[in-house]
């Protein structure tokens, strides 16, 4: 939909994510990155697993939020002041205690706001476990 | 994703929409219907056009809400008590004063809740003007 | 929460709403306006009533959207280019076929984005029928 | 709004939260609990603080999600299968690296769904940092 090219490749944008948010180092892989979309994998550790053998809500929030951040910064470059303004998540089924796969689409890439969605699966399963929409504010460019 | 077949075809579900909501008679066409998804066209009339030549917010709300209703009832049949419990719409650009095209996906079809999303375009344009997520409550089945 | 005064009074902001959106002339009353909040009344007509004697979803969307517009423009003045970027509505109960009362709060009034919520009742009833959150984009000021 | 009494007091509901979600033991205090509402305090630790001295998004998600869980289970009792179906968060300002205060209201308490909102502050500050709406599915009662 949007003809703009990627400004960062998968390795560059993942390195930048881990530089800005050191708390997530080692948690994410970029499976496939293309203009306006990314497929990410979020590993889960013992701190993410809830009784009953499912993944916690905050871990799923982090997956969609970091997934959208990666898709967006790959398009606009290293804009550290880009921040989430809205995240709305629908939870469908309890995820299995495995890695999460997260498909992100940017639907609108404006000068000041970017909006898109993310669909989340437990790795290896066909039915999604959650879907989110996200909006980020992009800092105004210096002239 | 979901293997269930359609219970109603395009003509049947559109007739049922217009029976339950007579206020929308003549406003919608079903362009393409398949299990778990539909493409709808909502015509716009003088009552839907806002100054500056754009389509009103309530008309866009009606487009995504009726679009999801059609996708869902085609899967579950004539369940008149099915009601919207949440609609969340992100508006990207002002639509042109033309018909709206609305692509609906059902992402989760549970026994009591169904959730999905809708992407909206001005007819003939490439960039979407809005995206929505919707949740409907399905009445419990009589045993 | 926010110490700024009102820039427009109830009569001024209602007149401006009807100037910008002539389709809603005569539909709204401002019951009470204060900094960062407003109570509005939306009349309902035959076009808003659905079979079963309830108010249509698009009419409820219009109530919360115009309610937030009034609360916001009373704070920032006649900024015609202010637009809705997100509206998320939870529907609780079917409204009675009467006027709607809508209480709006602005929770964040930034330079470029304003966000708040709206609770909706059928006039004269104690239990709310819906609750919405709304975000508006405010056009950048000319220097 | 809702005349039902509390089924659990503050100590009971907090103990149940920590039993069901052992990962949050020691993180939450109940400041004030009343029918249909609660004020919670979420402590923040080194794992929650982001560069620049702010609280992470997943920690804010956990605050509103657990806050609503406490308000709801105090009304309906120990229903372990109660699950979040939607959480929509608007982020206003970066929180200070302190505890979060979270005010939760239940707006609709139905048999199968409960919906409400949560406003979040950095402790000791006047302007909210975030606002969320949440919906939970309640398991059907055994007859």
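The chains carry the letters A, B, C and D, assigned in the order they are written, with residues numbered from 1 in each.
Going forward, a contact is a pair of C-beta atoms (placed from the backbone, for glycine too) under 8 Å apart; a residue touches a chain by one contact, two chains touch by 3 or more.
Chain identities (UniProt): A, B, C, D = PaaI family thioesterase.
As the structure is a computational prediction, the values presented were derived from the model and not from experiment.
Novice: Just to be sure I understand the contacts, which chains border both chain B and chain A?
Specialist: Touching chain A as well as chain B, we find C, D.
Novice: Considering A-D alongside C-D, which chain pair is linked by more C-beta pairs in contact?
Specialist: Answer by contact count: A-D.
Novice: Please report how many Å separate the Cα centroid of chain A from that of chain C, as a whole number.
Specialist: Computed from C-alpha means, the inter-chain centre distance equals 33 Å.
Novice: Can you check how far apart chain A and chain D are, centre to centre, with Cα atoms defining each centre and the answer in Å?
Specialist: Once rounded, the distance between the two centres reads 24 Å.
Novice: For chain C and chain D, let me know how many angstrom lie between their CA-based centres, rounded off.
Specialist: The mean C-alpha positions of chain C and chain D differ by 27 Å.
Novice: Among the residues of chain D, pick out those that touch two or more other chains and give their numbers.
Specialist: Counting only residues that touch two or more other chains, chain D contributes 85-86, 88, 90, 135.
Novice: Which of the residues in chain B end up touching chain C in this complex?
Specialist: Residue list for chain B touching chain C: 20-23, 47, 50-51, 56-59, 61-62, 65, 83-91, 94.
Novice: List the residues on chain D that touch chain B in their complex, please.
Specialist: Spelled out, the residues of chain D in touch with chain B are 85-86, 88, 112-113, 135, 137.
Novice: In their shared complex, at which residues does chain B touch chain A?
Specialist: 1-2, 88, 90, 92-93, 107-108, 110, 115, 117, 119, 126-128, 131, 133, 135
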